[in-house]
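Shared between the two complexes below is chain A, which has chain B as its partner in the first and chain C in the second.
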Partner chain A sequence: MNELLLGLADDELVLGWRESEWTGIAPMLEEDVAFSSIAQNEIGHARAVYQLLTDDADALAFDRRPEEYRCAPLVELRRLEWAPTIARRWLYELADQVRIEHLMRDEDSRVAGLAAKIDREEAYHRMHAEMWHARLAGEPRFEAAVAELWPYALGVLPEQQRPELAARANRPRDEVSQAVERGAHSDDLQALWEEMTSVRRSVPGAAW
Partner chain B sequence: MVTAEAVWHALAEIPDPEIPVVSLVELGVVRDVEVDGARVRVEFTPTFLGCPALETMRAQMATAIERLGAEPEIEVVADDSWSTDKITPAGREKLREAGFAPPAPREASAPKLVQLQSKVFRCPYCGSTETRLENIFGPTPCRSLRYCESCRQPFEQFKTI
Partner chain C sequence: MTQEVFEVFRQERKGRPFEHAGSVVAPDADFAEAWAREQYGRRGESAALWLVPRDAIRDVEDWADEFDLKYRRVDGYSIKTRLKEARERAAARPR
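Coming up: the complex of A and B.
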């Protein structure tokens, strides 16, 4: 299986899950709507990519053990505070854009076509991230969150794409060696996995 | 034997699950209909991949084709060849009448925030261009929220894809 695509789909699924945790409790109604909509769309992207990889997207999404997921640690972290939430949104969209732009040039036309559609949709997620970045840049809590999450953001991308991310995030290139790599998982994934897979584990093959 | 024309006619009877004033055909999401004996193959593309109505639309199209006595095969085409420019003129007018501003035409590159904040977006109720962006996101992934300064009415703006 294509590890790069599986990583992309797992990132979108797990981040969509994390962002849906703001549904009902975001600091303002507009952000409640925004995070719910972004989460829904990220999970839609995960579904579309899983469907490229397998005939049974639900099985791939929900029937693996936690250690079998290929998501980057960035998307697993549970940070129900606004500064790290926005810092992650902004960093993730920057990294995801680099990755999607590469996939739009993939030799497999199905991959390139899907990446182009995802890119058109992600444009709206990027606008939201840019808007919040413009508001919060320079604020100490936001900057501290960006600094903490930066090595995690680098880990979203394969090594050769990291200098491009550093350029777009306006960070020094020599930091790219600090990446928190994909493969190992943070402790936060276990609880997310237990909740996310609870229906499928109690009723094998369940669809909803 | 069922004809492609009969299939298009049947699909044109299915309202969009989220915006029932337009049919799936008026929304432009039905890409192609191919009849091969008793089998009918439909290609469709959701406005957004995260569309919550995707499975509902698929099931409704399958049911409509079964009612014609044919065997449906519904394929989701997830690529960039579809855009909101495919919404038919009649579909755009019905959206506007129901208070959904139809999408702006697609451009070569994806839209930017500054365009949503500065370009002309017309209020579907009073026609004023004095409208502002309230939220990039709305009740479904395909809609944004705007506010008309002239008639003081919030409205939903169909996003450009």
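Coming up: the complex of A and C.
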């Protein structure tokens, strides 16, 4: 299985799940709707990528053990404040853009085509993230969150794509060695996995 | 964050009139756009949106009609008959 694509799909699934936790409790009603809608889009992207990889997307998404997921630790972290939530959203979109741009040039036309399709929707996510970044940049809590999450953001990308992310995030290139790598999982994934897979584990093969 | 009300007008299909859809409360026009996109467009229900700061709207709702000027109104003039006659004339005209 294509590890890069599986990582992408798992990132989108787990981040979509994580961000859905704000539904109903985001700081403003309008943002609640927007943020939930973006989270739902990310899960839609995950589904499309799983469908490229397998005939049974639900099985791939929900029937693995936590340690078998290929998501980056960035998307697993449970952060109950808005500043780190937005910092992650912004960093993730920057990293995801670098990754998607590479996939748009993939030699497999199905991969390139899907990447282009995802990119068209991500354009609005980036707009949303940039708008929040413009507003919160310079705020101490936001900057602290960006600094804390930066090594995690680097870990979203394969090594050769990290300098590009550093340039776009306006961070020094020599920090790329601090990346929190994909592969090991944070403790936060376990609880998310238990909730996310609870239906499939109680009723194997359940579809909804 | 100072907030402003933006009235949202929604066009269902290209060429159709914009109709008032609701409002969003946002700190600036960029936030208003991002939020309106999600609230009024995420299900593909809009071909276009107009966002108008509520303060930019001039309200007109008082009307004086003290002297019974109803002769200015078109009620009672049936255009239906005249339209029918005009169509018949057009059809009878040699081409």
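In this section, the second predicted complex is superposed on the first by the 208 of 208 C-alpha atoms of A that agree within 3 Å, B and C clash if a C-alpha of one lies under 4 Å from a C-alpha of the other, contacts with A are read in each partner's own complex, and residues count from 1 in each chain.
One rule holds in what follows: a residue touches a chain if its C-beta (ideal position, glycine included) is under 8 Å from a C-beta of that chain, and two chains touch if they have at least 3 such contacts.
Keep in mind it's a predicted model, so treat the numbers as computed, not measured.
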item	value
Clash-or-fit label for the pair chain B, chain C on chain A	clash
Chain B versus chain C as contact partner of A:E30, first or second or both or neither	both
First, second, both or neither for A:V75, with chain B first and chain C second	neither
Contacts of A:L6 with chain B and chain C, given as first, second, both or neither	neither
Contacts of A:M131 with chain B and chain C, given as first, second, both or neither	both
Which superposed partner A:M196 touches (first chain B, second chain C, both, neither)	neither
Larger contact residue set on chain A - chain B or chain C	B
First (chain B), second (chain C), both or neither touched by A:K117	first
Overlapping segment of chain C (options 6-14, 60-68 or 78-86) - the one that collides with chain B in the superposed model	6-14
Doubly contacted residues of chain A, that is, touched by chain B and again by chain C	30, 33-34, 37-38, 124, 127-128, 131
Chain A - residues contacting chain C, complex	28-31, 33-34, 37-38, 124, 127-128, 131, 134-135
Chain A-facing residues of chain C, complex	24-27, 30-31, 34-35, 37-39, 42
Complex contact set, residues of chain A against chain B	30, 33-34, 36-38, 40-45, 47-48, 51, 110, 113-114, 116-121, 123-124, 127-128, 130-131
Chain A-facing residues of chain B, complex	48-52, 54, 76, 78-82, 110-113, 116, 134-141, 145, 159, 161
